[in-house]
Amino acid sequence: MINNEKVVLIIQKIAEKIHENRQFLTDLDAAIGDGDHGINLDRGFQAVVEKLPTVKDKDIGTILKTVGMTLVSTVGGASGPLYGTAFMKAGAAMNGKMELETSDLLTIIDEAAKGIKMRGKAERGEKTMLDAIEPAYEVLRRELEKGSTLKDALDEAENAAKEGVEYTKTIIATKGRASYLGERSIGHQDPGATSSMMIFTVLKESCED
Amino acid sequence: MINNEKVVLIIQKIAEKIHENRQFLTDLDAAIGDGDHGINLDRGFQAVVEKLPTVKDKDIGTILKTVGMTLVSTVGGASGPLYGTAFMKAGAAMNGKMELETSDLLTIIDEAAKGIKMRGKAERGEKTMLDAIEPAYEVLRRELEKGSTLKDALDEAENAAKEGVEYTKTIIATKGRASYLGERSIGHQDPGATSSMMIFTVLKESCED
Amino acid sequence: MKKLINKPENVEKEMLQGIVKAHGEYVKKLPDFNVLVRANKKENKVALVSGGGSGHEPAHGGFVGEGMLDGAVAGAVFTSPTPDQVFEAIKAVDGGQGVLLIIKNYTGDVMNFEMAAEMAEMEGIKVEKVVVNDDVAVEGSLYTTGRRGVAGTVFVHKIAGALAEKGASLEEVKTVAEKVIANVRTMGMALTPCTVPAAGKPGFELSEQEMEMGIGIHGEPGTHRQAIALADEIVDHMMGKILGDMDLKANDEVAVMINGFGGTPLMELYIVNNHVNDVLTEKGIKIHKTFVGNYMTSIEMAGCSVTVLKLDDETKELLDARANTIAFRV
Amino acid sequence: MKKLINKPENVEKEMLQGIVKAHGEYVKKLPDFNVLVRANKKENKVALVSGGGSGHEPAHGGFVGEGMLDGAVAGAVFTSPTPDQVFEAIKAVDGGQGVLLIIKNYTGDVMNFEMAAEMAEMEGIKVEKVVVNDDVAVEGSLYTTGRRGVAGTVFVHKIAGALAEKGASLEEVKTVAEKVIANVRTMGMALTPCTVPAAGKPGFELSEQEMEMGIGIHGEPGTHRQAIALADEIVDHMMGKILGDMDLKANDEVAVMINGFGGTPLMELYIVNNHVNDVLTEKGIKIHKTFVGNYMTSIEMAGCSVTVLKLDDETKELLDARANTIAFRV
């Protein structure tokens, strides 16, 4: 199924997706933040891509932790520690593994979400990346428990993430830079939720074949 | 003919003319200088208009000297000392006079031009106000010596001033701020020559009736 | 984008090199890290580290030196520095008496500096932190991230730095920093936006008739947009917000900072000060010291912030104490 | 026009009031005149008066104080002050040892200051004058008005001011001022224009891709317009002009000023310095001191000038001497 090679591939595709959407994510952030989310993540994932060759043959835990540490030390801002912690926590749970079961995938996303909550002290509904990640995680879990194929389950998860992003348009930000806007943050989608959603899109696309 | 009351009236009309052309003169200066000639002269002549009531019954020498001193102390820049000195020198030559002969008019303009040359150390052909004033003076003198009416003579003088302004477009500035431009000053008319020309226009218009 | 730069991705590095080349008697750069520390490290005192995204120059490197900071960490433009950079700064400046981190209240800054503090503590370095949140434009509440840290941070650097220089303990330096934070309020406004070099276009747009009230120092939207008004009216609004959030009475003493955002002519800052001074004086408030200039900027944004710090005998004496840094000298 | 002002016609007055309210320990304003003088007049020394149009802040009022100027005269924005204003400044600062006028080489400034000098001499005050003309962008010749005076003027203030403070004679102070003038060269460039408040619109226009090389500090057109280039390329061009007009060899010592025009972020000035420093260092020229910041501005113009001053033992010592003014402290 998903071996370490594939994990590296997925991460490369995430980096590509972020790079393609660098401007879009930045523009979203300009509207309710400080206009750097795409720039930040792109800088970080480009560094990740440079780093990957050094760990590509290692276990998945090491790969994910390396991604996390690289993000922490190159992204900065809010999203650096958050995504960095997410990957680091996920990696810690995959120590030594060279292949992932579907249950591992659930663990990875669960640990990532927990890492983000721990570091950012946010809850769902505060207009952050959690509003994409948590619903996506729940749908993925439900679908897999129901016995859906991974492909279908990831499809539904991506939809849930997309709905989560739509939902962020309707709420006031109470965490992150957009919170300074109060009411004025309504109507805008959260950049972090959007980048998280893109990661689910990549996951889905990568597991279609 | 031209008594002190009329002199006050002419000066008021000069102030009006400058005020109307404030933007135009400023724009000319923006092209080859620092974009303040109209602002400077307008500030000065508005101060003159406020001052005039205190000297309106005095002799023409006093009136002209007061105009000059007011310009010196309110205009600043290059044109302040130049026009200020011009009016002060002209006034000094009209001490005690309550009425002007046509020969006095020639003296006034001659003294004014001398004042400008003394203060500014410029000669005709350097793209300054002298390029309007000197030809206008010469034509006025020639016409009056020929026996032309004052109206006709002032008409010709104004034309000469206008030609002088046109001429400034063809030459390089070697004095004043426009001189920094070298060749690039060609094609632009000199703002100071333009304001001087306007004074001749007012003179002509005021002596038509 | 019109900027005097080479490659956008190199602005931070070239800027820091330019600072060190100009002011080698004040600061040096840690090799491989975007960190400035004092040229001559002073041992055996509490060390102060601040920093944040770049683009706020002279903050924060301009405040490194005698009587103020010991180290300044420069992130990418408008982006909090990463924990490893902050960690390096902590290690470099620690003189055995512990390190105080002065953090501006942004989620990113708080998280990155916190992670650095965790790393430092694991190495046995005593670290304390204070979070500056002086911006009254933002409604703070327990359930949000609270107010932003803006120009008032410079007063925290100055006063805590003066106490540290005198040899006080980490606890004491932290306490006075918190006192400054409790007593300082700022409000800003912008006439024009600013452009992050890597973004290549302005972070927001303002029409020729508009200004943004309550702007953040990263060009974050403020409280509202309105037609541009007279300087005195703008000051009245800002002072209303600031004083409405402070407990100031006649004869209280304050320090004032009129801070330009980078693109504001000094002429305008002084015109602003002219009225700020009148508003305070009319209320009988005594202005002990006024600072006018670019202290906490937003690249080339035009606009300003007004900061009022309520003083007591201790903070007044520390504000007046000697400071000798690139951008702040008393 | 977007400015933090009230009425355009009041900007000079309100600005000066704002300066005095902020920095009363440094300067006071002469009642009814736009003149700033030292808060504490020092008698029995040669007094230095400079000035010019407003809009160049912190020049010139920001340089009034110990070790620099005794008085600064502020004309309308970009317009030389009138003789009566300069005359009042001369009278106010004269301490019995005579007064040196430091004039930037503009026809207006020269004429107005000259008229003031004539007035002062009629009252029995000894007056000397020097005319600063450091701008290499303008070709000087005997038959033109010569070069403009720009940021190099600040070095004249500093070095002549230091000598005057030590009690030198008017003749000696004038001589050292002339030495500085003979050894200082500046070149500037602009990315954006500036707007005189009374004019209400920019003095010139530049497209999004253009810059003006050799710009004057009043936004006067420069040597040419060109497509905006990399900072390093711009510096190479400016340094070529400056060094081409100076007689500098390896091991000579210089002072450098990277001057912002008011709208330039400090970040960019430091990026400029990064390369200026390299260009000089590669030639073996020793940089004794570097100043980076807004010293001689053009309202809100974006861009900068680079000034190089060749030092000798005397000027070096005077440059390093104590100065304590609002905007320049050593």
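Chains: A, B, C and D, in written order; residue numbering restarts at 1 for each.
Assume a contact is a pair of C-beta atoms (placed from the backbone, for glycine too) under 8 Å apart; a residue touches a chain by one contact, two chains touch by 3 or more.
Since the structure is predicted, the reported quantities are computational estimates derived from the model, not experimental observations.
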item: Remotest chain, chain D as reference, centres from CA atoms; value: A
item: Inter-chain centre distance, chain C versus chain D - centres from mean C-alpha coordinates, in Å; value: 29
item: Mean-CA-position distance for chain B and chain A (Å); value: 75
item: For chain B paired with chain D, centre-to-centre distance based on mean C-alpha positions, whole Å; value: 32
item: Approximate Å spacing (C-alpha centroids) for the pair chain B, chain C; value: 55
item: For chain B, residues that touch 2 or more chains besides their own; value: none
item: Sites on chain D at which at least two other chains make contact; value: 77
item: Touch-based graph of the chains, sorted into line, ring, star, complete or other; value: line
item: Touch relationships between chains, expressed as pairs; value: A-C, B-D, C-D
item: Contacting residues of chain D [partner chain B, same complex]; value: 53, 75-85, 106-108, 111-112, 115, 137-139, 143-145, 148, 196, 198-199, 203-204, 216, 218-221
item: Complex interface listing, chain B residues touching chain D; value: 26, 30, 32-36, 39-40, 43, 72-82, 119-120, 174-177, 179-182, 184
item: Interfacial residue positions of chain D with respect to chain C in the complex; value: 2-6, 11, 14-19, 21-23, 54-55, 57-58, 62, 77, 191-192, 208, 211, 228, 230-232, 234, 256, 258, 262-274, 277, 287, 290-292, 294, 297, 299-300, 302-304, 329
